[in-house]
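The data blocks that follow each hold one structure.
Next come two complexes built around chain A: one with chain B, the other with chain C.
Then we have the complex of A and B:
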């Protein structure tokens, strides 16, 4: 079997397993899984930029929040039907990514991280400033009646799980395809050596801007889906913490792999879930994991797998 | 109050903010300048300094000044040692690789913050100032009776706030003397210019790195010791100083110490003045956005050189 068909098989396999899990898992864990899948979409979007292109953004929460608020505010205040509002949220994230990318990509390295961090902080403060509409930290709830598409109730466990799976599946396959295209390969080339890529005649700035917008779009999809499925929109999702989370997930799972983000979110979610049973200071776990990862496994779990067993892992 | 006295009050507040900020940002700037490490955990060293001050003053008892003096010596030392240890244990092992040190310091941030939460709890802890005399300030005005000195109601400051400004200035001068006049400073500057060549000339670069990381953290802690009688010690208090210090270091020019001082004064003063006259959230929005824009169009900062 060629590496390509192996990887195709793996992607389909992951989706089949996720499909089957719903019928095996108890309700509580199925609920967790739908949350994990939505967050994995966010992580995958981040991974495109960080793992594949080598651009570390510390402000991705603004795209997640743009999707979330773009969707939440238009359904709640604007009364738009769900699909339209969803599309609006995603477009918001894309436009924001375009503007941020246009400005922030003038910088590189540390400056890029800090510029994105600052933009995200501005976005967070803007959310707080318009507290009359956004309700600030407290956030707002999207009514159950507004959370259904074509008669399917998205508040039921089944509806929620399969919507999450559908959206995750589409994004998962899209990204798996994207990184195999010449465009995706060029991104990896930029990560490895930007100077040389440019010398070979690729417009690296254009590629970086494109992937930032694509990454922002995926983050926006995740944000809007989160609001749609769990019915809550709040400023917490725009904080620095939510910009750090995708970094942790991707690093834990394995940067620059298609499956890594899902693995990372899964492990981190249950790690926090279990540890918060013991203590309020569950973020301690995040810290310890980050330090241990940088020391011992800089390529994450999927990176380890790829090195040891599955050399074909995309 | 009229506009004039109001402005004076605002600038005094701004000066206090600048004084604290200059110490915190200086620590960050030295660490970046010498080690090329972006220390995201810097704010947590600041927080530790404040929390330790509360801890020390509450053990020592007696007149608040005794505890405060003990804290001003012990807290920065302890924090500095802790940071030097973290440098040896973690940063050294990842070879100061830029991306990995950022991730590692983000990890340290959460470890320090959450450990404090576990041991101290989520409450804010007040610390009594060693002295806190209220000083009224005069205002000069061209009134009906010609030039007159008036004492507007509300225009006052405390002796402690003036002490903070003086103390910060003294620390800065001391730091400057150490950097330019002593052997330790020479070693640090040699490492900053070219660590490989310095190593070849027998500079113990590894040790210098640990010292510098400790010194940076110690400066943050010192700033926190000074601020804690004005604010309160809390496990989340490191967040804002970190952002502000970052802003200052970047605006000043990464690694440029004079730039850091100028930017700290600029930002501290404008922060104090803007938040007196405008809504604090709006002021923060404008400030953060402007900083991002400065960085976009002048990535090397005000006094920085373009270094790749």
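Then we have the complex of A and C:
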């Protein structure tokens, strides 16, 4: 079996397992998996930029929030049907990524991190500034009645889980394909040695701008899906904390792997969930685990697997 | 995981795996899917489980700690008196990190893992608003202690109620008559430029106009601001009263700089104690507040005419006459808000007893029982004062206190009546189905 076949099998297998989990897991954990899949889409979008291209953004929450507010505001205020509002949210994230990318990609390294962080802070303040519409820090609710498509209630456990799975599955397979294309390979080349990639004739700036927009689009999909499935839109999701989360998830799960973001979100979610049952200082527990993982598995859990066992892991 | 949930999930798994070949049709078989699972049956001898969504970490931690202490004291009192319907009460605490995303996760944990009967205790509005949609979907009665207007505004759902603490709209409009009649009619408002501040701006502007006064300037302070002096020249000379609701760690700087700006010739000052909850009024830099007025949900300092039931409440929650912890006089309580936990728990008890609550299958009956409540007399169950609950809007109304800083203590000058804080209904939750 070729590496490509193994990769295809692994991606399909993950989706089959996620499908089956709904029937196997108790209701509480099935609900958690819905949330994990949505957040994993966000992490996968971030991973394209950070894990595959080597660009560390500290402002990705603005794209997540753009998708969330683009969807939420057009549903609540504009009365748009869910599919149109969802599409609008995703486009908002893509356009924002294009504008930010156009400016921020003039910088590299630490400067890029700071510029993206500043853009995200601006986006957060914009949400507060237009509080009349966004309800600022409090946010607003998308009513249960508004959250259905073609008569399918997305607020039921079943509707929520399979919508999350559908969106996760599409994004997961798209990204799996993307990283195998010449474009995806060029991104890795840019990550490894941008100067050499340019010398070989590739327009690295154009590639970086493209992947930033694609990354923003995936983040926007996650933000719009979160609002759709959990019924809340709020400025908290535009704060720096939600820019740091995908970084931690991807580092934990394995940067530059397609499965890593899902593993990272799953691991982090349950680490917080379980440790918070024992102590209020659960973030300290999380911190210690992160330090240990960084020391003993610097490429994340999937990276460790790729190094030790599954060398074909994409 | 409770036995009930584990048992039903095993059945579900087998049923579902057998039926998977049938394809999408199986998905519609609601009875076998996790989303429709719940308790197999009520266990009448089992404790009543109340999920306490606590701000143990994050920006609300100071409130969370005192909300926790109040909750413990209230539950002890309820259990000492025989529990609810003869069953003991057990509080299941989960930290929401004062984060709306985590808040919603915590509600899922209460409903589907801990099998709580109700959830309760949330203060910060964004956590309430982020969590309430899930409460409605999980059909979990969610008793918030937030003072936000979100419940009565109609934004939330039938499963979310606020019976133990008044909302900001009621608080603000009940202050306007006192301000206009005693402090002045030309008001400059200084408020944080986010939803909490905007609520004050909008509700008070309308209320003071109804009293023949006017807001002569509205000064919004960005939430990231750490120094305020540059905003003070915007205060018009004609200002008779400054209405301030700054919150957060920068409030000490705000007061200090305000004092430096005005010196002894200041206009009257009226503020909300939210600015100084858990902060010692005698802290260095706050001397400027001497002689100024504050809204208090419940008087921090024991007043000369303190009722016995209030004295008992104060002792039960471990707060001394100065509003600080009995164990540590430097640990100032969030006294103006935390009574809401005590009163809400007593209302949950009254509601469950009225509905003859046996288990989660009676959640709708519990909500209907609470919706049927109206006047609640002041007393041991309601030490803050009498309440009037509006079952349609799921919001309670009650007395409000205006205190003056006198010799470094807050002394009650005026008590606004329940009627002062009433306003037109904006929603009828009872018209929503369960």
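Everything below uses one rule, namely that the second predicted complex is superposed on the first by the 304 of 314 C-alpha atoms of A that agree within 3 Å, B and C clash if a C-alpha of one lies under 4 Å from a C-alpha of the other, contacts with A are read in each partner's own complex, and residues count from 1 in each chain.
In this section, a residue touches a chain if its C-beta (ideal position, glycine included) is under 8 Å from a C-beta of that chain, and two chains touch if they have at least 3 such contacts.
Since this is a predicted model, take the numbers as computed values, not measurements.
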{"item": "Partner chain(s) touched by A:106 [first = chain B, second = chain C, both, neither]", "value": "first"}
{"item": "Touching partner for A:128 - first (chain B), second (chain C), both, neither", "value": "both"}
{"item": "Partner chain in contact with A:74 - chain B first, chain C second, else both or neither", "value": "neither"}
{"item": "First, second, both or neither for A:288, with chain B first and chain C second", "value": "first"}
{"item": "Overlapping contact positions on chain A, where the chain C interface meets the chain B interface", "value": "125, 128-129, 280, 282-283"}
{"item": "Residues of chain C defined as touching chain A within the complex", "value": "1, 5-6, 9, 12-13, 16-17, 20, 27, 30, 33-37, 56-57, 94-95, 99-101, 104-105, 108-109, 112-113, 125-126, 129-130, 132-134, 136-137, 148, 150, 155-157, 193-196, 198, 222-224"}
{"item": "For the chain A and chain C complex, residues of the former touching the latter", "value": "22-28, 30-32, 35, 125, 128-129, 131-132, 135-142, 144, 155-158, 160-162, 230-232, 234-237, 241, 273, 276-277, 280, 282-283"}
{"item": "Chain A residues touching chain B - in the complex, by the definition given at the top", "value": "56, 103-104, 106-107, 109-111, 113-115, 117-119, 121-122, 125-126, 128-129, 240, 244, 247, 251, 279-284, 286-295, 298"}
{"item": "Touching residues (chain side chain B, partner chain A) in the complex", "value": "38, 90, 93-94, 98-104, 106-115, 117-118, 122, 239, 243, 246-247, 250, 254, 279, 281-282, 284-285, 288-289, 291-293, 295-297, 299"}
